[in-house]
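In the two complexes below, chain A is the common chain; its partner is chain B in one and chain C in the other.
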Partner chain A sequence: MFDLKKNIKAETVDKAIKHLAENPDAKLIAGGTDVLIKLRQGKSEYCELVDIHDIDELKFIRIDDDKSIVIGSGMVFSKIIESDIIKKHIPMLCEAAESLGGPQVRNMATIGGNICNGVTSADSASSLFTLNAILILKGEDGTREIPISDFYLGPGRVDLKKCEVLTAFKITHDNYQGYFGHYYKYAMRDAMDIATIGCAVCLKTKNGILKDYRIAYGVAGPVPMRCRETEKTVINKKVSKDLLDEIAKTVEKDVNPRTSWRASREFRINIIKELSKRATKKALKRAGEKF
Partner chain B sequence: MTSHGFREITFSINGKEKKLHIDVRKSLLEVLREQLGLTSVKQGCAVGECGACSVLVDDVLIDSCIFLAVWAHGKKVRTVEGEAKNRKLSKVQQAYVDEGAVQCGFCTPGFIMATTSFVEKHKGEKKTREEIRKDHAGNLCRCTGYQNILKAVEKCINSDLVK
Partner chain C sequence: MAVGKLVNRVDAVAKVTGRAEYTDDFYRPDMLVAKYFRSSIAHGRVKEINVEKARKLPGVEAIFTYEQVPRIKFATAGHPFSMDPDHKDVADRLLLTRNIRFMGDEIAIVVAEDEIVANKALKLIEVSYEEYKPLIHPDDILKQGAREIHQGSSNIVGEHRYECGGKVDDALKGADYVIKGEYVTPMVQHCHIENHISFAYMDDLDRIVIVSSTQIPHIARRIVGEALDIPLSRVRVIKPFMGGGFGNKQDVVLEPMVAFLTLKLDGRAVQINLSREECMTGTRTRHPFHVQVKTGFLKDGTMVARKMDVLSVTGGYASHGHSVAAAGGSKSSFLYPRMAIEYHARTIYANIPVAGAMRAYGSPQVIYALECATEDAARFIGMDPIEFRLKNIVRQGDVAQVTGKEILSCGLSQCLLKGKELIHWDRKKKEYEKYKTGPVRRGLGVACFSYASGTYPVCVEVAGVRLVLNQDGTVHVQVGATEIGQGSDTVVAQMVAETLGFPFENVRVVQAQDTDVSPFDTGAYASRQAYVVSNAVFRAATSLREKILDYACLMTGEKHGKFDIVEENIVSADSGKFVLTMKELAVDSFYHKERGGQLTSEVSHKTTTNAPVFGCTFVDVLVDIPLCKVKINKIVNVHDSGVILNPVQAGGQVHGGVSMGIGAALSEELLIDPETGYIFNNNLLDYKVPTFIDLPEINHEFVETFEPTSGYGNKSLGEPPVITPPPAIRNAVLDATGVSINTLPMSPHKLFALFKKNGLMDPKGKADV
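Moving on, here comes the complex of A and B:
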């Protein structure tokens, strides 16, 4: 039994916002794969819940008229993997989704919950960072949009205002069209394990030149992060083996991993450097570059 | 709508419609075992790691230990108890028996439901061992060493291909 004081079912997003306003201590529950674990561990901060598990308006993937891809926050990872839109336009997000948990967890865990828990190891986060994903949030005063890079405030802390619900992620056309990406997860086990390091690369090339380059990590710092210095250094350079080495060298200056029981800082840095090469190489291959 | 205490839910369990008053704090695992006596559903870890509590909800494989029972309202729930029809084991169950994929049996109901979901989802497709492993990664077995379980799953898939 879960130690719940309240469990209020919301039929719509607007009702969820209303319930949150009326119950200031209540938290949202979507797939519950984080919240219910915390309740099992006896954490009382989740003892009042507003339940958005069954809200259909949060479960969709569509392409808008302006060609933006919009993913409802209530989409579970197995549905993201199966989505023709995602498979065709942002396959790296399928890779991220496939790397998360096991089948049962992927059938329950939502992409909204993965980002709102504020955890640095969230497998979908680094890919969404490289896609410049925009979060659509709805609250008492209406809707606002914010880039994912501004959403993370610190470990476990995100910029969710009082009574706000994350409704969707938007990836605009200019952020996926012509881009090729890859997500590489390094963990102690091949399945059912939290990333030791997760690395996402998304890039665009023209005539053998790196026209745009984005690299993001999970677990390389307190929150998921882009490596802006590295990106600046390598954009407009010629694709080559040396460039891969340069990326691996520069990326070390961008990151700040810590030692935990899973892995030491030194080990993580070693993995960070190697994954930068592997993920970039794979993305370049997808872009049709030979070197 | 009550926010706490008890709530009435209706759902289909192994093909039968049921109406239950349930404590909103309970997991689906607890309701299945305690209120319906469906003790094939096992609690191993209670935190989504071992898959011993796996059941199908609207034919989707989930861990019932981290699934609120109230979420089953209006849905179709399947456990191992409902898989044998007319005193005949399901194809998946029979394959586990034939391949000796069962030792202590604690993980078996969860594995059967995982394989059932896998076989139904990939009907008529050829699957590699790697794909079978990946789709059973949410289930742990402390006894068999997995080899015979893999063989059982392969047998189900192959018999589908022959038909």
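Moving on, here comes the complex of A and C:
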């Protein structure tokens, strides 16, 4: 039983914005797989809801004229997994989607909710970080775009202005074309679990040289993060086993995981280092590199 | 012939169509809900409680605190009444308490029109505590001058010692080698799908009806009577379909409270439906054990002595208390019967959630220690662990040391040989030689167990069956045996069909248990149900068969012995020729104006035997050292449970037990804050029950023996599959890595610490994984 005061169903994004403006205490609910958990825990800040779950204009995946891939915020993960566009151009996002929850959760959980929830363990976040995804937000004053790395403000806090709805994610052509990636989720179970560490790697090679390298983590800090120092250090280096060891070594300096009863900092760092190697190796294999 | 056949569960269709009715499916007009107000500290005393604000909340019907409940201490363990005063369960519980013994202890209860109101009211209750330091670690609990969690208990719930097979100290002196080990198992939880739920109402001025998800309807009835000081006959307990129990419902958790509430509220229905979070800390858990083992053995691998010292932690209240450590000690003693054994156990209170019965009742803890120690002994002399076990294990005809009874059926050595073959032991042993270094290692492990088929002679074993021939020639069966999902109704129907000679489909077992109607049986626990009911069914069905055949003689004027029952007909015993249908016979018995009457048979049977059962687990693991993870490539359980009554259901029991065992081995543990007694992970996200894809393919095999003390040759199977996966996996990880992990679970966190300590985590890291 939920102690719901209001549940307003919005048919369009504009109406959702209007409902939010008229009900200042209301929160958005998409798939509800985070919101309903909070409601069940008796958190009163979620007792007024604007339901955007059935808004069709948020459910699409397309390639624009400028070859950007645009993903509607209302896409559920099971649909992302099945999308031919995603499978072909950014398979690492399918891996991230597949690692989330279980089948029932993936049928409800949206990629927009995953990011707007603001937690460091969100499985789609690190991949979107390595793809330099841009968020498209719509509010009372119109539309704005913001890189995902600027969207996270702190644990559970994102840069959503009053009455704003996240409508889509944009991945521009230069951020996916020629890139190969992999998402490696480390959790205590292989399903229905939050990541102890999530690691996404996205890279480009030419003639055995790392031309571009992006590595991002979930749960390696208070919010999902890129490892910029590591990236700088290894770009333009020759692909080799030693390079993997070097990545593992430098990545430790970029991250800042914490000790909690769920896992110690030391344990997480061990996993962070190991995953950097395994995810990079997999991405390199996809890029056709032999070493 | 129905026994041993692959028949569908009798309740399969009702369950998959959603028509089966569980406790929460029953609607009573005006039913109220009740929610406990639980302590937020683990050890202390309520100084003051104020419920006035909560009482004023609209929708709140009543609030009761420890001040308004009967001052009657009662015992909650679901054991049969014991006529032996020395063998009674510890009565240490009141319906609500002022003295706080674990975090979540029940101080007050709110009754309201719905859950939302009840939860709001809970937030309005004001309480202040006098706090004491939580006693969580055994050293603190047993320290001189430690506060007594229950006054006068010295924090000890029970203690016993036995020695058999000779003097252990002498045998240890005669051994070529003596090794020692310490093994620790954690607090785990049953996680049955259906949480605890009960409701009660009154259907007359003085009669209380309780509908409850319980393994023990008849025992629950007695304990409610004791807790409220009312005659047992005024209480009626109904058990509808159930979503599992695993021992957690072999305890009286909610029934006395709902009965109390309906009595106080003029017979209005009141329901308590625990949340998962409450269920995981506020009902029962498995006792954590600390076990010291000393093993003496000869150069040739003969074990000559074993000394075990067990410390079992029961938490805030006794519940099943010391019985668990006692049962674990006696049921494991069948396994290696040709050496001197000493077993000493103590059970202590602690300011942690209450432990009670859980699948295999002490044996998983004891056998884990015993089979780790056995492995360590085999490795000490470099002997193959299977050979070492074959040399020492029990065989048919051995005399059980603790009971002095001959073991009439035992297929354990065949189980070991079968498992060895199924896991490809010899081939893989060789192959895995090259996987003992580097980041990914492989190993094989084995462990075996003994268990029992009931609780006799510790408790009475009584089972009741009533058979009624219906007017259409089918038969209805009422049993006290309690179906909780394990499939007992189906095997009872098979047994009845077998002895009567009826088609399986013509036997209907009445599903719900109702203490006003159902024959007496103490319930589903100790894997006893099919074993103890077998002789009762055999006698009742034999008697009904005689009555039917006699009646056929009466109808036809033929002499006794002329007829037989084949499927739905009475036929000539000699020629097999058709005589009349069962329906014709039944109609005559009901409606002939002068002869006959309803043909029935009823038996209440006491079982005074207890057949040991045996089995083993074989496992093939891969250990990913950098990621600190164990992957099971293959796992095989082989069981001697006598005659297998229903191969599909039996396989289901093994699969469920093995997956529970894998969880216990690798991931499950309720994590306690050692400072406050707070449980971090009382939910199914943070308490890591393996999901479907975390489990490997589970293989099972049966070595069928015939147990002569049983009605149909069958022995127990419900609990045993859970026992040996943890030690077998531990032994396989040891085989792969050379590291002994002597505490459960073998989680990545633990592996990380131990691998580091043993120098396995290569600080430079290797890329070739």
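Everything below uses one rule, namely that the second predicted complex is superposed on the first by the 291 of 291 C-alpha atoms of A that agree within 3 Å, B and C clash if a C-alpha of one lies under 4 Å from a C-alpha of the other, contacts with A are read in each partner's own complex, and residues count from 1 in each chain.
Just so we're on the same page, contacts are C-beta pairs under 8 Å (C-beta built on N, C-alpha and C of every residue); 3 or more make two chains touch, one makes a residue touch a chain.
In this text the structure is predicted, and so the values were computed from the model without any measurement.
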Contacts of A:G102 with chain B and chain C, given as first, second, both or neither: both
First, second, both or neither for A:D245, with chain B first and chain C second: second
First (chain B), second (chain C), both or neither touched by A:K237: neither
Touched partner set for A:D54, first chain B, second chain C, both or neither: first
Which superposed partner A:K281 touches (first chain B, second chain C, both, neither): second
First, second, both or neither for A:D3, with chain B first and chain C second: both
Which of chain B and chain C A:A191 touches, first, second, both or neither: both
Set intersection of chain A contacts, chain C complex versus chain B complex: 1, 3, 102, 190-192
Chain A-touching residues of chain C, taken from the complex the two chains share: 114-116, 119-120, 626-628, 667, 671, 673, 680-681, 685-686, 688, 690-694, 747-749, 752, 761, 764-765, 767-769
Residue ranges of chain A touching chain C (in the complex, touch as defined): 1, 3, 42, 102, 186, 188-194, 196, 241-242, 244-245, 248, 261-264, 266-267, 270-271, 273-274, 277-278, 281
Contact set on chain B toward chain A in their complex: 1, 3-4, 23-27, 30, 46-49, 51, 54, 60-63, 66-68, 70-71, 114, 117, 134-139
Complex contacts: residues of chain A adjacent to chain B: 1-9, 29, 32-33, 36-37, 40, 51, 53-54, 78, 101-105, 107-108, 190-192
